[in-house]
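All chains are identified by letter, namely A, B, C and D, in their written order; residue positions are counted from 1 within each chain.
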Amino acid sequence: MAKKVIRINEATIRFAGDSGDGMQLTGTRFTEATAIVGNDLKTIPNYPSEIRAPLGTLAGVSAFQLMFGSQRVFTPGDLPDTLVAMNPAALKVHLKDLKKGGNILANANAFTDKNLKMAGWEANPLTDGSLDGYIVFSMEMSKLVGKALENSDLTSKGIERTKNMFALGVLFWMYNRPVEPTEAWLRKKFAKNPSIAEANITAMKTGYNYGQTTEIFTTSYSVEKADLPKGKYRNITGNVAVAYGLVSAAKQAGKELFLGSYPITPASEILHTLSGLRNYGVKTFQAEDEIAGISSAIGAAYAGDLAVTTTSGPGMALKTEAIGLAIITELPLVIVNVQRGGPSTGMPTKMEQSDLLQAVLGRNSDARIPVIAAQDPADCFDCAFEAARIAMKYMTPVILLSDGYLGQGSGPWKIPDPKTLPEIVVHHPDVSTRGEAGFMPYTRDENEARPWALPGTAGLEHRIGGLEKENITGMVSQDPENHQVMTDIRARKVENIKKDIPPSVVHGDAKGKVLVIGWGSTHGAIHVAVDRARAKGQSVSQLHLRWVSPFPSDLKAVCDNFDEILIPEVNSGQLALLLKAELLRPIHQLNKVRGEPFRASEIEDKVNEILG
Amino acid sequence: MAKKVIRINEATIRFAGDSGDGMQLTGTRFTEATAIVGNDLKTIPNYPSEIRAPLGTLAGVSAFQLMFGSQRVFTPGDLPDTLVAMNPAALKVHLKDLKKGGNILANANAFTDKNLKMAGWEANPLTDGSLDGYIVFSMEMSKLVGKALENSDLTSKGIERTKNMFALGVLFWMYNRPVEPTEAWLRKKFAKNPSIAEANITAMKTGYNYGQTTEIFTTSYSVEKADLPKGKYRNITGNVAVAYGLVSAAKQAGKELFLGSYPITPASEILHTLSGLRNYGVKTFQAEDEIAGISSAIGAAYAGDLAVTTTSGPGMALKTEAIGLAIITELPLVIVNVQRGGPSTGMPTKMEQSDLLQAVLGRNSDARIPVIAAQDPADCFDCAFEAARIAMKYMTPVILLSDGYLGQGSGPWKIPDPKTLPEIVVHHPDVSTRGEAGFMPYTRDENEARPWALPGTAGLEHRIGGLEKENITGMVSQDPENHQVMTDIRARKVENIKKDIPPSVVHGDAKGKVLVIGWGSTHGAIHVAVDRARAKGQSVSQLHLRWVSPFPSDLKAVCDNFDEILIPEVNSGQLALLLKAELLRPIHQLNKVRGEPFRASEIEDKVNEILG
Amino acid sequence: MSETTIEIQDLNLTRKDFVPGNEVRWCPGCGDYSILANMQKTLPVMGVKKENYAFISGIGCSSRFPYYMDTYGFHSIHGRAPAIASGVKLANPELTVWVITGDGDGFSIGGNHMIHALRRNIDMNIMLFNNRIYGLTKGQYSPTSLLGAKTKSSPFGSIDRPFNPSAVALGSNATFIARALDVDAKGLQESIKRAQGHKGASFIEVYQNCIIFNDGEFEAVENKATRPDNALFVVHGEPMIFGEENDKGIIMKDNHPKVVHLGQEWSEKDLLVHDETNQIITNLLLEMTFDPTNPTPFGVLRAVDAPSYDEMMIDQIEQVTKVKGEGTLEQLFYGGDVWEVK
Amino acid sequence: MSETTIEIQDLNLTRKDFVPGNEVRWCPGCGDYSILANMQKTLPVMGVKKENYAFISGIGCSSRFPYYMDTYGFHSIHGRAPAIASGVKLANPELTVWVITGDGDGFSIGGNHMIHALRRNIDMNIMLFNNRIYGLTKGQYSPTSLLGAKTKSSPFGSIDRPFNPSAVALGSNATFIARALDVDAKGLQESIKRAQGHKGASFIEVYQNCIIFNDGEFEAVENKATRPDNALFVVHGEPMIFGEENDKGIIMKDNHPKVVHLGQEWSEKDLLVHDETNQIITNLLLEMTFDPTNPTPFGVLRAVDAPSYDEMMIDQIEQVTKVKGEGTLEQLFYGGDVWEVK
């Protein structure tokens, strides 16, 4: 029977199973194949808890979602079209999100009485009609791989483990993706254990063939290549992109990269990635805590490295005092906060963008600092690079805000040509700058930056520290007038960065009814919502803020062109507070603090509400 | 010759000398005598540096200022009428502040060539005419006490040390204060060493008589009793007042008081005071750092004490993470920040009110907390009491903001009758509240406070912690819906406190041109400025905010009655930012970051500017 | 040795009284399960009422422990449990306070609170789950991981020299130090009993296998077959003997510990006798920890008497109150120079 | 003992090269002056260029030290100097890094960074000014103040058992520990030289008199008259002798140190011989610290060789680079699965 191939523009798929079912790996392989086909895409993993919960429980379900399409894709999708459910618990947790009429691919063998009970199903949903309204593909995956591999050397447990590859194979068929990249990847990964590699390949192909030949599947889908800008691409998570951006900035500045950090979810992968780059001259220092992490970085900055510290909310809180030291000593430093749900330990594996006010205002005293926020995984590269550049140009610490959704999510990254990356000019004074009265560590250049004089330079011996210093000379000073001067300079240094912020780009018309303003990872959802609203003819535009401190100088002018402003945030209204103070006008807020990103539809609804 | 006595309404006196000259003590004695006379007053010490600088240097000058009057006194005065200068350095540092035509009382014996040089005087100002325009009383204090005490047992060094008492005696005469209280005080203080007591008394009386008999003094001043509310009074510093407020709240709540703290200028005196109150059942725990300070307090709150932690800016920064824990566990806790100049170590002995935004917004995640700010030293008592009451009523941490100016400054405190202090009703559940499904640690009362169930209570065993908890049951929950619910409850708890904030009192007319809004220790300077402006017929009123989070519910209504709003702050505009976001209207700012409080005249000038 | 005979009152408690309803969520096979079980088995016989236990922890797999004990519990923030526990104990000295921590929680971020709690000798029982890895954050090396350890954050091998936690405890002037093994129920229960009976701060280091991120770290002593030759279980007043056949012992040679074989040259009476109160002996045992030529010591390594902080606090309050009388607000308010406005 | 003969190049430096223009602002009579003077006297002969010194401190009277040294200096925040210094050394291993700290800065708030720096053995020299008080904040007790100390925050006497800082260092696996006395120029200079010569983290505890808030704390050893009978100056390989007449010595009895009088019963050869590399010996010396029946030990208490963290970091970078080649951005960017959009 010839099967139908339907061309679609985009699809959202969610893989869900037990923590031990390898859903993250399955999702990643599907992503890779999809990327190679040339679709645009975004992904997001979803681990419910930090510890492996008992097998088969709701708490133990692990999921991975991706959206891909033949057009630009800005989010990992809201509601999935297709749900892979490897066990009853996975189905229980994720069914509520599946689109009406969506596909369910289930491993029927896992729907045992015990598993059903553990997941809280009264009866087997695959058979009792409770999935009416969905398209259910109930497959005996365990049995099928068992059959296919009955002659392999693997133990029966080992064979059972390949069932995720079966599911992957089915999906490859269903969405017309090539199996070869995964085949090659498996061979490489299990080079030392070819029988495992072959078993997995067999399982995958069995799945593929199962899709192609059995009659339960009648339709497959094709998604054309997206019209992405020309170039080479790879898929990248935000955390890896941050690491690469920092390595690149160090190279472009001719600096060694120093990372002082303490592990914390969801930021640890930056540390992991950088610790694997010893041959790039990267020094990672896993400190005893977050305070030592930033303190060691401050020391490294003082001694001349491009210094970085990475963390998440609670760790950021601990760095508060030391950030003040970096501000008053005017040393270049990049501080990365991959935000998560709070307060306190809160929801460590869930996303939230609620550390904005902490970043912008959360220190004792008037202690301003530039803050940049990344909008998607690939943008993490650019923001990290830019943060490092600004830090060294203005001699200031800079905060980079990412979040768990960006850090662990992924999307295609258009690989830049290393040769075209901006050069970062760094100047270290030598003895020639020493005047009659000695070296002046707090003189100012045109950006009001002070000189970065490195220990080891003959003739420039000087002392810095956390006590207020006299401008120019750098002597300890408790003089009232000087304190005012220094306070003003520190504030002005942050304002000066406006010169480096390009004019704002409004997505949509530059004038209209509603301007939706966002920052950080809401970018994608807002973008989609605005496009959809515009498609319906609504007068809506998007302004995305990359720098949240300082604001771009044209901010007010841009906003003045709109009747209403809407700010959707995954927090209780933090940017809204700052913008109300800045613009002195009412702002519509859309706030959601559920540990989850926005769905575009939620923003659309709010826009509808505003437009009446 | 009969000397003139001029009646004046108020006077400002500054004592200045070397760190070793005992200026703080001299000032305090003068203050006590002035209080006993019945004047209203305010004082402020001023130490320039934390370490004793070499004798006779500018860096070593220590000063103490007080203002007293027959009317209400709201600040320690701007420019002094009389300056006591015990050495050339003291004169050098403080002369610029003296009122034109003011009195200078100097110890001529200290104006040696060496001392003059060290202080940067080219010639002796007492004799070269550079003090023309002032009334100079140049006295050989060292020589005079030497004479008076030539028969005492003291060493010549010991005798020299009594010269501050000589100066005090002169001032007692000059301002018609009684010497007896100081006499009694000296006898008590040096009970074990009567010859020191007598020497000091002799020196003081010598000074007094010197004023009375020598011809260089022609005029003395009298300042009538102030019309203070009836009652008993004592002089109190803000730090001691905080300690007393907390002890009182503990007593009224039937609780033991626990303080977990780490020493830091200018907050240490709260720890010192409380550590002396063991017989009040006060437990002070000097922790290894600020984090342990607050953590131990959180533990004590959990176990049922009225728990407190005290610190200043950098220490507050370190507590950031733990404050989040107190917020999510909803435990009562008072956090006192006696602010100082920053960023970082900054200007540790100088005042600043620049930790407002840190207090209100400076944490990871949406983590609101009530914030109360004291307006003068005596008010520190009331605010500490109120902070403790609110903490226990709403089961929430509360931040109390003081600053170095309040903490170390002093003023008369109308001693409350302990019997009329409000009672604080605290309820701890017992096993009777345990339902079928067990004890529910996150149930809510009418204020949305959860029960304070104490370890040791049979049948209520339960677990709390920093992970998000399910409302009512308190089980760990990473459920999206619950997180939103809990986030909203936590925000609402802070809003609820508005119910406890009395209607705003506007000083001046309730409607007019300019409303000057302040918070914290600017109260006095604003009050004086507004009174002066009103005396000139200007339409100016004052609104003082005691709670800065939440704002009082009538805030907007009050502000709507004024054309212009002015906010003077000893920071770069922190309340202004919050109020701009709240009121969405332009605000005039008067900002000063010099480590010094406002002078009323600075605010007057700004008001003039606004009124055109 | 603290020879305090603890009077134990029978409260009719059983293990079940300490097991709450909720699910335990460690990885199957994790060493934490055994430690939990032994705690739940031991507490019922200690004569302390269930409601008087407070378990305080930081953050880490190990720090989830309080959720699995049906007592009062506080799962706090990373590293701060000893400081929180200090406040708990001082606020209510009636409570029996346990601190549960991990090698990351207690010795990385929380190292300072740990050493200060031990130094102050506040009456609390600190149990360290030492798996030489950060479990909860998925496998970075910890301050107890050995040099060369390949982990997520040290793909080329760790260059961080490790702590010996019990040695840090000794250096901090701790009055009670024991070491136990997750799989050794007897040793665990004995340590729990002795620690809880000890007045002041007690420190128990438990070697714990993290089956997911550091499996086999303690294989030599975890494995029943190799344990006798690799572990030395010390008992106060008894010679240091070990070995499958009880045929080996420890002597001090040139101020270092040394293994000797009993039989011809050496007999039991030549061996070092364990003395919990002697710092040199404790130090010698600690020196054996990382030394492959010596067995790893377990048991109560140190126990000395010293006044506890909480006890001294109560004493001081009593003393001062005796001298000055119980303070009233009147006294407090009228302590300075007072004047009256009429 | 690290028998490294340090090759010292004469750089024609003098004390004056290390004295900056600004005024020293400690209280007259403070023990800090002598320490400063001896540092300034010793550095010129160490063969290290002036610009290659970096002095890192925290907050406290002692931590003002960098302002008084005409070298690179960083007066940082309270307690964090060892962490900052770690970054300085790793960023530029050419530098000779000194950390200056106090008993509050280094052992109260900064205790964790201290023990971790010592454990990691990062090449830096940590000098602790132990005056057993918080000087800068005007006289509260510190974690080294003795029980009963009456201070601003302990008006009825401290109930905090003190640390013995050198014992904490030993417990942290430190490779070099010395103790010196502010007024003993010779001992100070020797400690400075040995510490700087030592590869890895060196720890020097200096007993320092705070004349304002804790005067006389170390009277027994500060006073020249009583010092010989109260201080034991140890030298590697030499017997432990002390006393005005060199007539007393230390033996080990029942695994405790004990003072004996030389003459009839005891002679020099019966005495313990100091061994910097032996942990038991170091421990025994440390046990003497608070014991009034024993003298207080000074000198190099411990010195052992171990690879330093910074050295291992450089090695690892070299090794990995040798195997993988120096990384380029091309390699980095193209490390994953790449596809092309044409």
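Basically, a contact is a pair of C-beta atoms (placed from the backbone, for glycine too) under 8 Å apart; a residue touches a chain by one contact, two chains touch by 3 or more.
Predicted model only: the values in this text are computed from it and were never measured.
Enquirer: Look at the interfaces A-C and A-D and say which one is made up of more C-beta pairs in contact.
Expert: Higher C-beta contact count between the two pairs: A-D.
Enquirer: Once you find the CA centre of subunit A and the CA centre of subunit D, what distance in Å lies between them?
Expert: Each chain's C-alpha centroid was found; their separation is 44 Å.
Enquirer: Centre to centre, by mean C-alpha position, how many angstrom separate subunit C and subunit D?
Expert: 29
Enquirer: In whole angstrom, how far does the Cα centroid of subunit A sit from the Cα centroid of subunit C?
Expert: The separation of the two C-alpha centroids amounts to 40 Å.
Enquirer: Could you check subunit D for residues that touch two or more other chains and list them?
Expert: Those would be 59, 77, 108-109, 111-112, 116, 143, 156, 160, 313, 316, 319-320.
Enquirer: Among the residues of subunit B, pick out those that touch two or more other chains and give their numbers.
Expert: Those would be 49, 278, 288-289, 314, 321, 324-325, 329, 344-345, 465-467.
Enquirer: Using the contact definition from the top, classify how the chains connect: line, ring, star, complete or other.
Expert: complete
Enquirer: Across the complex, what residues on subunit C touch subunit A?
Expert: Touch list, subunit C to subunit A: 23, 25-28, 59, 61, 64, 77-79, 108-109, 111, 134, 136-138, 140-141, 143, 152-156, 160, 212.
Enquirer: State the interface residues of subunit B toward subunit C in the complex, per the touch definition above.
Expert: Interface residues on subunit B, with respect to subunit C: 32, 35-36, 38, 181, 185, 225, 228-236, 244, 247-248, 251, 256, 258, 260, 277-281, 283, 285, 287-289, 291-292, 295-305, 307, 321-322, 324-325, 329, 415-416, 418, 421, 438, 454-467, 475-476.
Enquirer: Touching subunit B in the complex: which residues of subunit A?
Expert: Those residues of subunit A that touch subunit B are 48-49, 313-314, 316-318, 320-321, 324-325, 327-329, 339, 341-350, 352, 354-355, 357-358, 361-367, 465-468, 478, 480-481, 483-484, 487, 490-491, 571-572, 574, 577-578, 580-582, 584-586, 592-596.
Enquirer: Which part of subunit D faces subunit C closely enough to touch in the complex?
Expert: Of all residues in subunit D, those touching subunit C are 108-112, 115-116, 119-121, 143, 156-157, 159-164, 167-173, 252, 254-256, 275, 278-281, 283-284, 287, 306, 309, 312-313, 316, 319-320.
Enquirer: Can you name the residues of subunit B that touch subunit D in the complex?
Expert: 49-55, 57, 59, 262-265, 268, 271-272, 275-276, 278, 284, 286, 288-290, 314, 344-345
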